[in-house]
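These are the structures in question, set out in turn.
Two complexes, one shared chain (subunit A), two partners (subunit B, subunit C).
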Partner chain A sequence: MIAAAILLVIATAIYIPYALNSPQGPRGGSAIGLAFGIVGFALMIFAGLLGARKKFPVWRVGRAQTWMRGHLWLGLVSLPIILFHAGFHMRGTLTLVLMILFFTVIASGVFGAALQIYIPRKITIEVLMETIYEQIDHIRSQLRDEADQLATAACGSLDGKSDVDTAPGGDTSASAVEVGVEVREDARDLLREFYLCRMRAFVEDPARSHSPLGDPPQASGIFEELRLRLPRELHDTLKDFESICDEERQLTRQARLHRVLHAWLLVHVPLSYALLALAAVHAVMALRF
Partner chain B sequence: MPRRPRTAKKLAQRIELSYFKRAHPLRRWRFILSATFPALAIAWLAVAGVSKNRSPYSMGPVSAPHALFGQKCSACHVADTVSFRHPVTDQTCLACHDGPIHHADQVFTPSCSSCHVEHQGRIRLIAVRASSCTQCHADLTTRAGAPHFVRSVLSFARHPEFAPLRANFKNPGTIKFNHAAHLAPNLIGPGGQRVKLACDDCHRPGAPRGSWRYGQPGVEAVTFSGGGQYAPVSAAISSSFHSSAAAQQRVELAYMAPSTYANTCFSCHPLQFDARFAASVPHDQPAIVHAFLVKQFQAYVAAHPEAARQQAALPRLPGMAVPRQARVLGRDEWVAEQVSASEDLLWRKTCAECHTLTFSAGNSLPTIAPSRITKRWLPHANFSHDAHRMVTCVSCHATIASSQLTADVNLPNVRVCQECHAARASAAPAGCFECHTYHDWSREKVYPGKFSLPDLLKSSRNFAARPPVAAIINR
Partner chain C sequence: MSAAIVELTIDGNKVSVPAGTTVFDAARLNGVRIPTLCHQQNETPVGVCRVCVVDVGGRVLTASCVRPAENGMVVSTASDKVRNARRTLVELMMSDHPSPCARQQQSGDCELEVMALAEGAEKPRFARRATSRGRDDSSVAIAVDHDACILCDRCIRGCDDIRHNDVLGRMGKGYRTGIAFDQNLPMGNSSCVSCGECMISCPTGALTNKFHVGTSLRTGEPASPETLHQLPVFAGVSGTFLELNRGAIVVRHFRPGEIICREGEYGSTAFYMLEGRAQVSINTQIGHVKTEGGARGFFSKLSSRLARGAEDHRDEESVRRTIPIDGPADLPLEKPVAELGPGDLFGEMTCMSFYPRSATVRAVTDVTALEMLRNVLDILQRNKNFRGQIEENYRRRALDSHLRSVPVFAGLTTSFIDHLRDKVDLVRYSPGQLICRQGEPADSFYLVRIGFVKVWQAHPGGEMIFAYLGRGGYFGEIGLLGGGLRTASCTALDHVEVVRIGAEEFRLMLEQFPEIRRSLETVATDRQRENRERLAFVESTPLQDFLAQGLMEAQSLLILDLERCTRCDACVRACADAHDGVTRLIREGLRFDKYLVATSCRQCRDPLCMVGCPVGSIRRRNSLEVIIEDWCIGCGLCAKNCPYGNINMHPFPVQIADPDSPGRTRAIVKQKATSCDLCTEHAEPSCVYACPHDAAHRVDPRKFFGALLAQSKRD
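Coming up: the complex of A and B.
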């Protein structure tokens, strides 16, 4: 940040007298204008190298944190330097496109940097059961299996044909399934119906189910009602169901926050590459003419 | 008590260890877009390149005079034989139009394109920034040593006072004229009627806009088209008028026509020389006036022979009755006597009222000092009265009503101009070029054209959608 600030101060100190004394105003083609252009382009390339640095984390070219700070601050300083280069003008189609790309890249970068500060804190606070984002689908399928096992243990076969005393496959360790609980048939039917009709769709795909279980207060109300209607013997199962629904909601929340946290990269990174490509062409053609 | 304990072991068992081998949608899309966007950008330039369309690289539309070959980059961007560069050199500009040097003693000659910057849209290329001028005039040095002009001019806000208003300036005019007296009410006008003169009774732009109120009937209005080595008003004003007629009209409206006796003085100041004659002497040199008088009196005595025999009044002595004595003069004697009397009236009173006459021994006719009325007070600057016609005369020439002396220079001072022309958004422009011209157009050489019309039209890709060539040329 200090280097960026020093660079900005030096650039500004050069630009002001240059702009005031240039016969036709500051221009990219003048010696100082070209110098600004070269420095600005170099900073853009440096900022773009962060992607390569991430691809090869074992390279001994400085700490990743240092690279990220350089990317942020030097990339930000490249904006005024490029504006100094252009003399705060956007004439010509290519330069106009370049400037639009540049502003978009900088704006998306600043937006992304702000998100990187805000969203992780939010995830830490709101998503206690945070997992690796790419694992969310996998864990969801595990949660669904676990819920199936709990439901089967408490209600018997989920199709309602026969009662079983053990979980499918004989697994009795994973979910602490109650075995041999004496419960009224109508209570089992009620729990089975709740699971199959309301909870299973939510567990399979919380986003599409539009289930009230996705909303914590509503979910709490639903489970509270079930606790009143079901015998005490099934309350532990209900508690497990509630825990699974809570974890599902947290996974949904994490996925949403993760998308917010990273979606700006879909703008920032591709436009950065396009910007670098066009800037290189611009440099060649500007020197040519 | 929940039966789903969240232990590290349980959590570790839930992790799919090969998850990173699968492309996640966000990463997959980032990769696709990262390849697509640069590819689209390069494809855009490639298509433009294949179709020989250079417009993506153009820094903007060229100025109106160059618009016809705006698409023909090679018209100005000439290939450098040494490198791959295609710069615009002075030779390129000078191939079509001259750019005479500013001053013989100048120590620095800027390149054409450093002042006249192209590709900034339909601007006037002569509208250069003040900094083009101040790169030298901020601290003027010349080959001849000390500059003749003010050494440091940084902007119009710091413009020195106009030369005619500086302390050491002397008005070269010799006509005795009192503006205050002429602007007084109830002046005796033609036929003894009372008149109140207005500024435009005597001062009008050169182009005739009706007859002069107090001028001599039948006399054409005099025009003045500026002139001056560094201030070719025609070049400056006509730059936006390719039509020569319109340009000429604007030029003639720029400056006040010189005040002449025939246009402004004739009706109120008749040059009568004798009560017997209705005609006035011509407003001309003494020799011509003398010849006119001789001719008039000769004609008179021919028509009235008795005039030569009439009693003449002899010189009167104080306290004595006037003796009357009949004299009989020859016609020539009579004419000479009458002419002498009339000339005495004219030289001593009528002409001397405005002119400075000197009499020399051995010459019966006086010499009249040249009037030296300044037609253009600021010969190094352009000014258009027509462009300022929305303001009253006295709002700028504030001293005119109290001016009594010929030596008075009633130009508005530079502060009057600076009130309106300033470097603020709500002000009139204050660039040097608004008044001054860099090139000495009196040295201009005319160059033959190098383009053929078909070439130009061919290079103009959208020509069909544009106005006809004549319309462009005459714009």
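Coming up: the complex of A and C.
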């Protein structure tokens, strides 16, 4: 940050007299303007190298954290330097496109940096059962199996035909008969109906089910009501169902926050490459013609 | 009528029997069957079950097994009164008996349950026992279910009167009465010789033969009890038991060059050599995993290879020159090969504790060997002929190398070891058995021969584990060198055998070898200092919080600050890149406050990974870091044992002799265990170095979390 600040001060100190004393105003083709352009482009290239640095994490070419700080601050300083290079003007289509790209890249970068400060804290606080993002689908399927087994253990066969049917996956340990939950048939029917009609869809795909179970207060109300209607013998199952729904909500939340945390890169990275490519074209064209 | 003959009437029939005959026998001799549970023909009757009650016209019914027949006696064995009384007795016993018991489940011939079925008393009217009297699974051969015991005493009479082993008796009073081994020890820890008499005497499922995985060995010729009894080492082994375990011991023949067992493989059998010679060796390349940069400097990726200690000496690398194996002798590190011959037993740890094979054994000549499962080995180990031969073999062949394999004893002279040969004892302990107790007088020094020993101290709130000692480990020196009292307790973790050197011999050794005294004193001082430091830490830290997450046991944690971490996985990729694509960390684990304790080696103070290593290649340095020695055979047990999943198996292609094409080699993949090496090649671990957000840190948990814990305690 200090290096970036020093660079900015020096650049500003050079630019102000240059801008004031140039008869035709500051231009990119002048010696000082060209120097600003070279420095700005160099800073852009350095910022772009962070991607390469990340591809080879064990290269001992400086700590990744140092590279990240350099990327942030020097990348940010490249903006005023490029503006100094252009003299705060945009002449021609290519320059206009370049400037739009440049501002977009800088803005997306700043936005991303802000997200990287804000979102991890949010995940840490809101997603206590956080897991590895790539494992979410796997854990979901485990939760689904667990919910099926609990339902089968408490209600018997989920199709309501026979009590000795096995749970999905062939696990006979979860059959109602073996577990020995002895409750009234109507209570079992009620729980089975709740599970099949409301909870199963939520457990299958919480994001698309639009189930009230996705909303903590509503879910809490639903389970509270069930607790009143179902006998005490089924309360443990309800408690397990409730915690499965809670974990599902947390996984959904984690997936959503994770996407937000990383989605900006889909804008920032391709535009950065495009910027570097067009900047190189601009440099060649400007120097040659 | 002779005075030696008595006449009586049984169920309306007049019968004559010799005087002194019991009513039960009088009925039996005349074809009348009286049911009984506590009485067997080869045992003295005691009349405790009362099921054999008969009506002799007296005020009360009488137990026929103990009541002598009398002249003119009129006996009714099946009147309504007798049948009702018998039925009630059976019902009462059934109400106190788990139905079906183990025997009923195994063979359907639990005498009580069969009788209950016949009497229509299988569902008793009386309330069942609310509390369990417990099970005892400590014996390898026999399972004890105290709940199924009806206290008939048949096992006690079998053990004491028939076999004269005097191990079984009764303990407790009233409802708590039960059978007991020695002074109420677990059966496996008692002096029981596993003759099986109690088991075959038991009428119910209280004493049953344990079934083992693969009770019958599929390969080899089954060895009959008659064949085995012709071998001197089997003299005295219970024929009953060998009969019960037919198929659990087989005779195997191996041609020259044939592999008898292979290192790293899991098994469940031990081998006893009868004829021929075999070579025991370690074929895995000796070397440790070394990760370093390539020839192109810092732009090249890191790569891992196997390096020998001589070319890449690591701090505090072991000074051992031998590799401990599951056999009668250790192998020299430079050339890990030895020879086995008739009378040698190998594979004990594999057989008793299911550890992987520690070495490869190949027949040199035609070999005949007995292969046995653990129930048979256990019986043999309790047989004094067999034990005598194994101990003699050990004293003659292995004591020398075993003692010298321990660095502090390397200086012992041959003459002193010869002196020790007849002075040391080999003592066996069952899993969980206490070897010595903290505070007791120190009377011996111990050297571990087989198995693993846990060294611990009792403290309010739980036990504090100081060390796990495997083969070559030793304990008891602090008490003998210091104030004469044990400073810690030692417990067998599995089937353990230790070499016990008495206090007198130990002192003699110290007098004759001052350098050994100095070395032992240094070791003792280091161990005491380390223990004090741990205790000081325990007393100064809010332990519950630490213990709750197992952090207290860690020395170095990889923590991720979750408020900074963007979940980009750069740390994981860096670790994988640094170790040939095999990551040694997973970004998941316990949370403590805003920190995630990532799954990466914690350098535990209580390193469970070390328990079971068949060749003792994983150990701690004095700095307490985990080090995997060059002779790791890649069996993967440490990786399985690590409760945090922090040990990985690193594959390497190696060339081995091709058995199908003599003289040629072929490439196979061998594995070596690795744990986080902190990227010691570099100033900073790759995971920390590659984190762009300053979220990953390697920390000493005590320092790092100390302030947090203290703060939370104040709050």
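Rule of thumb we're sticking to: the second predicted complex is superposed on the first by the 274 of 289 C-alpha atoms of A that agree within 3 Å, B and C clash if a C-alpha of one lies under 4 Å from a C-alpha of the other, contacts with A are read in each partner's own complex, and residues count from 1 in each chain.
The rule is simple: contacts are C-beta pairs under 8 Å (C-beta built on N, C-alpha and C of every residue); 3 or more make two chains touch, one makes a residue touch a chain.
Keep in mind the model is a prediction, meaning the values are calculated, not measured.
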Superposition on subunit A - do subunit B and subunit C clash or fit: fit
Dominant contact partner of subunit A by residue count, subunit C or subunit B: B
Touching partner for A:Gln65 - first (subunit B), second (subunit C), both, neither: second
Touching partner for A:Gly25 - first (subunit B), second (subunit C), both, neither: first
Touched partner set for A:Arg121, first subunit B, second subunit C, both or neither: second
First (subunit B), second (subunit C), both or neither touched by A:Ile132: both
Subunit B versus subunit C as contact partner of A:Phe289, first or second or both or neither: first
Minimum Cα separation, subunit C to subunit B, after superposition on A (Å): 6
Doubly contacted subunit A residues - partners subunit C and subunit B: 131-133, 135, 262
Contact set on subunit A toward subunit B in their complex: 20-25, 27, 91-95, 97, 129, 131-135, 138-139, 142, 146, 175-176, 236, 239-240, 243-244, 259, 262-263, 265-266, 269-271, 273-274, 276-278, 281-282, 285-289
Partner subunit C, residues of subunit A touching it in the complex: 50, 54, 56-61, 63-65, 67-68, 116, 119-121, 123-124, 128, 130-133, 135, 258, 261-262
In the complex, subunit B residues that touch subunit A: 1-4, 6, 11, 14-16, 19-20, 22, 24, 26, 29-30, 33-34, 36-38, 40-42, 45, 55-60, 73, 77, 84-87, 110, 114-115, 117, 119-121, 128-129, 131-132, 135
Complex interface listing, subunit C residues touching subunit A: 293, 298-299, 301-302, 562-568, 570, 573-574, 577-578, 586-588, 591, 594, 682, 684, 686, 689-694
